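Structures are listed in the sections that come next.
Look for chain A in each of the two complexes below; its partner is chain B in the first and chain C in the second.
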Partner chain A sequence: MAEFNTSIKEQGAVSIINLKGYLDAHTAPILENNFVDLIDKNRFQIVVDFKELAYISSAGLGVFMAYIEKIRESNGDIKLAGMNTKVYNIFDLLGFPLLYEIFNSESEAVQKFTEKK
Partner chain B sequence: MKTKKLSVKSKTENLSIIRDFIKSTTTEAGVASDVVENIILAVDEACTNIIKHAYKSSPDGEIIIKTKSTLSCFVVSITDYGKSFEPDTIPEPDLQKYYRQKRVGGLGMYLMKTLMDDVKYVSIPGKHNEVMLSKNIETAQSNAG
Partner chain C sequence: MNINRYKINANLSWWIIGTLVFSIIFYRILFYSNSSHFFFIINDLIVIPLVVITVLVIIRKIKQINPLPSALVLNSGIIVAFIFLVIIFSEQFLGIIFQNSETISTNPDLFQNIILSFYSLMFLAITSYWFATMKELYFYKRYSAKSIYFYLMLTFLIITSVSSLLFRGKDYDFINNTFEIITAILIVFNSLKISWIAFISKKEKISLLILSIIISALFIINLANSSLNDFNGKILANFSPSFYTFYTLVLLFGGVYFAVLFFTTLFHIPTAEAYDRKAKEVSSLQYFSKLITRVLDFEELAETITDITTRVSSADAAWIIIKEYGNKKILANKNIALVDADLINQFLLESGYCENITETKICSLQKFVKKSQLSEKFGSIAISPLKSHNEIKGYLIAARKNELLFYDEDKTAINTFSDYASVAIENSLLLEQSIEKERLEKELDVAREIQKKILPAKDPEFENLSVTSVFIPAFEVGGDYYDYFQISKNKFAFIIADVSGKGISAAFIMAEVKGIFNSLSRMIESPKDILIKANEILQQTLNKKNFVSALYGIIDLDKEVIRFARAGHCPALLVRENVVKTFKPSGIGLGLTNNGLFSKHLEEIKIDLKQNDTLVFYTDGITEAKNKELEDFGEQRFAEILVKDYDGSVNKIANEVIKNVTLFSRNHTQYDDITLVIFKWYKKNNLDGVK
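Then we have the complex of A and B:
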């Protein structure tokens, strides 16, 4: 059984989703639910921290594509942070760095939201 | 030549079993660790496509994964008995278009083709489908050509 879980913390207006483990077609619905919950609560400034994510397949990448437009239409964004090289390479292969801001650390991504104000 | 076989039902929860199987067979064959990761992802994508498209997420379908390794090549063949598939009808992915359409079809196939050296489909409608993923595993020093 693939182990995957998420935890969410709030830092002011910014919500941070921490990913842990293996994100594939089986576990992607867990992350989808996180985005749905945040959107329901009108929390559109979202940082996703990949620091503890070991693996991602295209089913996991698809989750980011599914919600980004709705979130940006609501003046929010999904910013990505803390990817290991292996995970970053998969994002890069598919051209995601053109669509998403990717930061080395969660704090840099959070700061990017706050400094715009 | 060494061959190994794994048979699983078409459930996404089995993807981790499939990845573990590929990890152990590639590692046993002496495949370099970065290449191991690429083969694992390509096989995950192929099996995810089978579960979602060939079996339309029905959990009772059969997926048979066979690995073959020689000194120069690692081949994974994946057979299913679901709906046949025309790989040529899947367009190259266009992220800008996906962004507008909120859909991401074709990313998995693109990853498979990018991560592997060869991807071949054989589909016999009403019988079975087979995808063969090949990766050259020659070491740098023996790879003169």
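Then we have the complex of A and C:
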């Protein structure tokens, strides 16, 4: 099975989760843990960088839905960035662009957070 | 020749003993004569069988009880100590009856005679017991059956005893002495053969060491106190000359045997510990191999492994590390805190010190920086890899608190146990895998069964609309769902959907979705309104992580119109002439968001149907089918096939699509369900014209 891993870096109040590899039902718990950790630490401004993500399945999409409500209630947000066309099309088909802000690059997404302030 | 063969009926032997005892007492009372040689011959003709049968009876008793040699030794010790006391005090007690010790041999009265007889008979019984005991000790755990020396000694014991009866008087002393010397030599020779000493534990050896020297000394003292000049010696010699000789020889045998036993034990003491350990190792291994085939729970087995490892390798602590999904898990930690084990693991494994060992390695913890953090002072470590299929699956670690390193012998022992542990791990992993696999397959069987029942059994047939569908399930049920609803005579509705997730959970959501659309399709006649209502329901019932993509449409057969709305599902394709048109009206997946946002963005499309219009609905199982290079089948290839076969029947088109997708992804597993629904419209007027 293809590998999946994540790395998190902090940029001021914004946390950036970098996804790498294949995000599906088997690997989704890894990303879930990342969200749980960030929420525990009261870090609600999250950018997810898809630059190195090769594939996302419906179970992978579900992870974003699981925590968005809680994060938005805490005046935070999940912003998505750096998707390749294939991954973007999957998000687009389901109407995710109507639910999430999607940016071309991670820095644009981070900037959006800081502008708001 | 074998004493054991002479078996007499138990009751009979007691009768014989009883008869002989009465005979000897009565004989002595009636015919006592100190000077008559003939008296003694008849006397001993009764005594000798009595001794023989007593010995046989006692041997049989011992065999029945089957005591340990140490118990036999202890019993002889108690009796020899008792006799020691009897001999010392006999003169004082019996002196009350006999004013003159000379009367013992010359002319005892009736009462004295009975007392003396019982006194001697007690000695006879005890001597028989000693002899029987030593015979049993001699034969205990003997490997070779050759007992010729023992029987030679027995023969000479009898000859010497009898000769002392036949050849009375100083003239014949040399004959008796010769026999006595030969017997004594044989006694010494036989005493050297003590084979059972090796099999007892160190603790027993030490107690045996003390016991044997005391018993030996008591035998010798008893022998010295039983000479013909002593009170006791006089009584016994007067009771029966041959028994007296037998008695002294048995005392000698006892003295020599236990002296030899003392020295043998003494020399065995230094190796006792090693022997004990080997014995423990062997018995643990036996226990272990029995366990390994019975215990299926690996953790239980691991406990036993560490337990035995600490005992056999004289370690203070032991634990097992198992590698699982890249993590290292500590199992069955024995006598060590998890924190300590963790620290030591870090030192051993993460420093790269013992990562790639092939056999047991002994390391000192002297260079261990975090040693002070340990709650107990471990000093020496032996680490052994647990291998299966040439891959290191974990480690067995034993630790000692002092600075003494483990020895090579410990290494061998630990190696052996780690080998066993490896086999056990292998077994349990295989078992676990097969159980898990079976469980998963059962679960998937159920999911597939549900899916099969949910999907329509057959495609509907209409006058001017052909309908076909293809559904290919993935191994892990993918959650594809499609259905048809006949709303009224001229209105036909359909849905194609994909539930997020896989397996049984997806199957359950499918069932729910079917229920929702089944009822909504009867009440609402607008694809958009139905999807909005469905979203409202699913938003409440579904887990936040789950959602459903769906496309719902209604075809009005009279008005020749199709209306549909898309909630996050794959686009609809219309093949008209030889052009493929993609319809992707805006719409968010069901269950993703609240109804406000959902309905705001949901678009409904209406298409007027023309002759030979082909409508294609599908799930992402088609476009995301992958080849070996992990390329997607994609919309482009899909469209090309549709164009190529646009004027074929729905079945032909469907077959072509599936054939191409299957060919494309033949070297890659199908991860998702594939669903394809195709409609083809034949214009009503045209058909009428044909009529």
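Here, the second predicted complex is superposed on the first by the 117 of 117 C-alpha atoms of A that agree within 3 Å, B and C clash if a C-alpha of one lies under 4 Å from a C-alpha of the other, contacts with A are read in each partner's own complex, and residues count from 1 in each chain.
We adopt the following convention: a residue touches a chain if its C-beta (ideal position, glycine included) is under 8 Å from a C-beta of that chain, and two chains touch if they have at least 3 such contacts.
Every value quoted in this text rests on a predicted model; they were computed, and no experiment measured them.
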_Tell me the contact category for A:62 with respect to chain B and chain C: first, second, both or neither._
both
*Looking at chain A, which partner touches more of its residues: chain C or chain B?*
B
*asked:* For A:39 in the superposed arrangement: first (chain B), second (chain C), both or neither?
replied: neither
*Regarding the shared-chain residue A:25, is it in contact with chain B (first), chain C (second), both, or neither?*
both
*asked:* Quick check for you: in the superposed arrangement, does A:93 touch first (chain B), second (chain C), both or neither?
replied: both
_Quick check on the output: what are the common chain A residues between the chain B footprint and the chain C footprint?_
25, 58-59, 61-62, 65-66, 69, 86, 90, 93-96, 98-99
*Quick one: which bits of chain C touch chain A in the complex? Just the residue numbers, please.*
479, 498, 500-502, 544-547, 549, 567-571, 584, 586-589, 592-593, 597, 601, 620, 632
*What does chain A use to touch chain B in their complex?*
1-2, 22, 24-26, 55, 57-59, 61-62, 65-66, 68-69, 86, 90, 93-96, 98-99
*Along chain B, where are the residues that touch chain A in the complex?*
11-13, 15-16, 19, 37, 41, 44-45, 48, 51-52, 93, 95, 98-100, 102-104, 107-108, 110-111, 114
_Residue ranges of chain A in contact with chain C within the complex_ = 25, 58-59, 61-63, 65-66, 69, 86, 90, 93-96, 98-99
